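Next come two complexes built around chain A: one with chain B, the other with chain C.
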Partner chain A sequence: MKKVVNRLIQCILTMFIVSILCFALTKAAPGDPVLTYVEPNMSEEYIANLRESMGLTKPLYEQYFIWLGKILQGNFGNSLMNNRPVLTQIMERLPATVILMGTSMVLGFLIAVLLGLYSGKNKNGVLDKITSLFCYVGISIPTFWFGIMLIYLLSVNLHLLPSIGMHSEGDRSFGDLVLHMVMPCAVLTFANASQYIRYLRSSTITEMSSDYVTVQTAYGMKDSGILFHHVLKNAMLPMITVLGMSLQSLVSGAIITEQVFAWPGIGQLAVTAVTQFDYPLIMGITMFTALLVVAGNLLADVLYAVFDPRIRKGSC
Partner chain B sequence: MEKLLEVKNLKVSFFTDRGETKAVKNAGFELEKGDFFGIVGESGSGKSVTTKSILKLGTSNCVIKEGEVLFEGRDILKLNGKELREVRGKEIAMIFQDSLSALNPVYTVGNKMVELIRRHNPVGKQEAERQALELLTAVGIADPAKAMRSYPHELSGGMRQRVMIAMAMSSRPKILIADEPTTALDVTIQAQILHLLLELQRKNGMSIILITHDLGVVAQTCSRVAVMCGGYIVEEGTAEEIFLRPKHPYTRALIASMPRVGGGSFEQFLERDLSDQADSLCPFLNRCKYVEECCRKTLPEYYLAGEKHRVRCHRREEEV
Partner chain C sequence: MKKKVQTVLLALAVSAVSCTVGFPALAEETASAAAGGNIVIAETADPQNVNPLFVVDQTSFDMQQALYSPFFEIVGGEMYYENGLCESVTVNDDASEFTLKLKDGLKWHDGEAITADDVVFTMEVLVDESQNVPYASYGYVNDTPVTAEKVDDLTVNLKLGSSSAGFLGGLSQVYCIPKHIYEGVANIGESELNNTPIGSGPFKFEEYKSGEYFKVVRFDDWFNPVNLDSITYKIVKDSSSANAALASGDLDARLISADDYAAVSSYDNVTIYSYNSGRVNAMFLNELNADLQDVSVRQAISYALNKEELCQFAFISEDYADPAYSLLTPDTLYYTEPENQYNNDPVKAQELLAQAGKTDLSLNLMYISTDKTMESEALYIQSSLANVGITINLLPTDESTFKNKTKDPECTDYDLVLSFYTLGEEPSLYADMCYSESRSNYSRISDADLDALWDKANMTADAAERGEIYSEIQNKISDNMYIYPIAYSNGFYAVNKKFGGFEDCLLKTIYYDYSKIYLAE
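And now, the complex of A and B:
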């Protein structure tokens, strides 16, 4: 229990430091928030007044604490572009990103468990070699290139799938959503699975050479039984960390992939925010993502303790 | 006495990127019902690989090139997967040196014991639990119910080795192979475990193959001993013959190198010579004090120094 409290305090500290960095970096970035409102016929005096009313003339630390105080009350401010609350905009975009990222994470994970276990067990077998090749390809090729190639092939040439967006005009059916999801989901799943398979393969290899595997063989257990009853649970432990760390991508989204497929998620929102110098939005998305990174790590630690008895009762 | 297990002409090699490593060049021995058979030898002499091969437990790069392992007349090496699993654990069980890594860290002792009992016996979960408690009591665990709920890392080394023995005993095997079972334990616990093995052997009429590099352990327990060196069994006989009338220079050197209180100079310790050596010659050639011309030409055959005391050496005279 004490450990959990300690860990929570650590998380809060981390978030605090992240908030300082986020604020400082945004302040240091080029661009002036006032310029968003400036029109050619405005007088110098008017612009100065505007600057003052936006709180930009106050000392930096004061600005920071005002901002932090508002965030703690759940107020991320309003977007400079359309003056709508940042939080509302994030929440609007959240479902699209979660659907896309969630599906590709789950699919990638399932594929990885099957192929990772299999190729770890049959190291250097034919399927292992083929899997490894695909993994290297999956890790190496940029998602935007793969996405564009898919669009070119399946949408432009073969007219099989819609290339952009989440829904067709006026069509809100589930089938339509699935059609739109196929390509971006394939791109992300391929990338995710490639990465996960590498982790699972190597942890399976390590586990397969453990003594308890030999012992179980010596006790007459089937190979498949050993794999699923003994090796799987141990080999999955490192995956907890990997999945915990990718939790934030559920929300921050695959910025590039969303851009390529014009997927209306948070990744796209972030890109728009940056190109428009929309500071409240940039900071909001950054803080939101940071929160999820911290939460993901915390969750991974908790899950580790749940699944690994050595950590639960151990000293680490 | 009834012949239970017969290992004949066993040859095992490891294949790596650097080529073939011959771990066992020629090993053969017989095990009778009720035997407590010891295999001794230095690290790398092939004793562990020999016994693992009895159950075909090698890693994927370990190949049994030749030989037969006859268990009750059937060659284990020729069994198919299902038949092999029937023998493994049920007829021949095994315990290992490192009891911590031999038990799966993420499951409780009880969980795995119940699974194991039910694999070889068609009993329900409750009956299996009852049997597990009985087995744990039989191997001298004071609070078996608590041990059942424990994870391997929560038990002491001696407790874990007792759990391993209980698991091995769960199907009442005819042969128990113990691969350095006491090496990781301190001396008091070691004595307890050896005592337990002796007791179980007597009670169940089981045969035990004990692999160790500790001659003291062999002297305390074994009725017959094989001495391995460089992939060959160089001498085999009763414990008395091996300890009191050793014939092979390697056996003698091994016995002389045993540390004794107040005695023994370090000069007697065996120096290892790992230089390459022809496969078809005596494995002790490079280290032997009594090398003769014929040693450099042919591999010695066994000669009988007693009724069942065989020695693989060219020298036959009783001289030191």
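And now, the complex of A and C:
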């Protein structure tokens, strides 16, 4: 319990440092955010008013504490682009990103467990070689290219799936959502699974040479039993770290995939915020993502303890 | 004695070249139309604010034209009332008083009547400093706000501080907003009321899903027939995906660039409409750079470039753009080709540089990194200027930083900058690009004589005299090589063949009339 409390304190401290960095880096970015909104016909007075209304005339430290104080109350400010609350916009986009990223992470994980375990067990076998090829292609292939190719094949040529968006016009049913998800999810799952398989295969190979596997085999335990009841649990440890680090992508989204499939998630919102230099939105998304990274690490630590009794008992 | 402005503008337009909307042979209209239907039009970003007095982004501007009707438009130098709220506009002899007569029976989307009170309210908001309207300058003449007086329910009298022949050009870009919605709102630009707009256009607001779409449906009480049931503006940022969606039929229409033309024209289900976009691509020469303050250096740069070759290189085909020689577009009133066209002459360029003592120049050329046309322009310019001994350092810049730098009047990070502008047919609006204190004066020109000419032209009512002044302005800009115009580029609208009416929709440069689009049977 004490360890968990200590980790929580570390998390709070990390978030505080992240908030300073996030604020400082945004302020240090080249250009004047006000000028982004200046149009030829705007008067100097208008621009001065705009600067003041954006709170940019105050000292930097004051701006930071005002911003931090608001964030602690759940107020991320309003977007400079459309004057809508940042939090509202993040929340509007969050479900789309979570459903896409969550599904692809889960599918990627399941595929990785199956292929990673069997590849590791049958090192240099036919399945292992096919799986390795699958991974090399998945890691190397650019997602935007793969996405566009899928669109041309399945939408333009075969007319099997909708090419872009999350829903068809006037149809917000679950079935329609699934149809729209197939291609972006396939692209992300392919990339995720390729990465996860490499980790699981590697740790499975290590575990397969362990004494406990030899003992279980000697006792006549079936291969599948050894793999899923013993090896998987130990081979999962590096995967927990990878998954923990990936948790932030549930919020930050897959920017390129969202762009290619016009998926209305946070990734697209982040791109727009950056290109428009909408710094309240940039900082809002960054803080949200940072929170998830910290939470992911915390969760990974907890899961380590669950999977590895040595950590739980403090022997490691 | 008052007379119809239409007559005045017809006279003013003697020397003007009519707006041309060119369509390929493919774009022949389908014979018959079916009522109803929905068209899905691609947009590259979410709208920021569709209130027409506060629109500053292209997406909102596109949607605003479905939601709001202008007072009138100026097409080919003539007053055009068909899509407008006004039935007529009359002007007094010295162009200091304009009378707007509204059409009878106009309605807002919530059913309220559109009256003179709305026009007066709009004009008051326009010049209300506390409202910070970006287009406020259209409500001022010689720094004096225009005053609006209601004559009767359908008539409004606008009084200007002094004569302004160019006033209507600005007014054609002002859209009426409903008084009963916005009266008493302290900050209209930031009001949440803008998220559920009540407009006057052929389509009314239905729904907006952030990152997905903005939907409008037919307004049955609009003063002209509207063919479609609805329009869905779908947000698609990636152009390759948008092209694929066009091919698959998930999108029905989108603006495409010259780079996309070849790919999209191969789609069986799509027709490409080519139209005069009113856009001028140009290179600005920053006079905050001491070397560029010398007119010989600026002229040398112009002589070193082969404009026809530059257009061919940047726009892929000469069908996509014409070489530009004036600050104004050919369909702008009083457009004249400047006498000095700086035909390519590298020897003369080198002589001018030697004469100026600048034989070892190094200049920074800034452009938007994601704009392929600009990138091609930059590469060509770099190569051509190297031939006369000028080193060009390319500064590809993201759009946000580009805007920041060009709008900063003291920015010296760039010496040359590639940009473009679309300002319509009223010549006085082009002053923005080179008037001393204007923020769009990317060349940072400071020429009191030129400023005086712009002012004088705007206050001159006599057509012939006004034409002479604008001719002088165009020659002066060219002689001093303040701005190097590159091309008048065409716009391309790729549309699914099941839709018709785009010839009428794209009736003039930057405006669309969505009511004309129909689903072909």
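Heads up, the rule we're going with is that the second predicted complex is superposed on the first by the 309 of 316 C-alpha atoms of A that agree within 3 Å, B and C clash if a C-alpha of one lies under 4 Å from a C-alpha of the other, contacts with A are read in each partner's own complex, and residues count from 1 in each chain.
By our rule, a contact is a pair of C-beta atoms (placed from the backbone, for glycine too) under 8 Å apart; a residue touches a chain by one contact, two chains touch by 3 or more.
Computed from a predicted structure; not experimentally measured.
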item	value
Chain C versus chain B on the shared chain A, clash or fit after superposition	fit
First, second, both or neither for A:S163, with chain B first and chain C second	second
Chain A residues touched by each partner, larger count belonging to chain B or chain C	C
Which of chain B and chain C A:P309 touches, first, second, both or neither	first
Contacts of A:K222 with chain B and chain C, given as first, second, both or neither	first
Which of chain B and chain C A:H230 touches, first, second, both or neither	first
Partner chain in contact with A:F277 - chain B first, chain C second, else both or neither	second
Distance in angstrom between the closest Cα atoms of chain C and chain B, superposition on A	47
Residues of chain A that lie at the interface with chain B and also at the interface with chain C	none
Residues of chain C that touch chain A when the two form their complex	38, 40, 45-49, 56, 129, 132, 134-138, 189-190, 195, 209-213, 232, 234-238, 240-242, 244-245, 247-248, 250-251, 398-401, 403-405, 407-408, 432, 438-440
Complex contact set, residues of chain A against chain C	30-32, 35-43, 45-46, 49-50, 81-84, 89, 92-93, 96, 144, 147-148, 151-152, 155-156, 159, 162-167, 169, 259-262, 264-265, 268-269, 271-272, 274-277
Complex contacts: residues of chain A adjacent to chain B	123, 209-212, 214-222, 229-230, 233-234, 237, 307-310, 313-314
List of chain B residues in touch with chain A within their complex	52, 55, 57, 59-60, 84-90, 93-94, 96, 98, 101-108, 115-116, 119-120, 151, 153-154, 164, 167-168
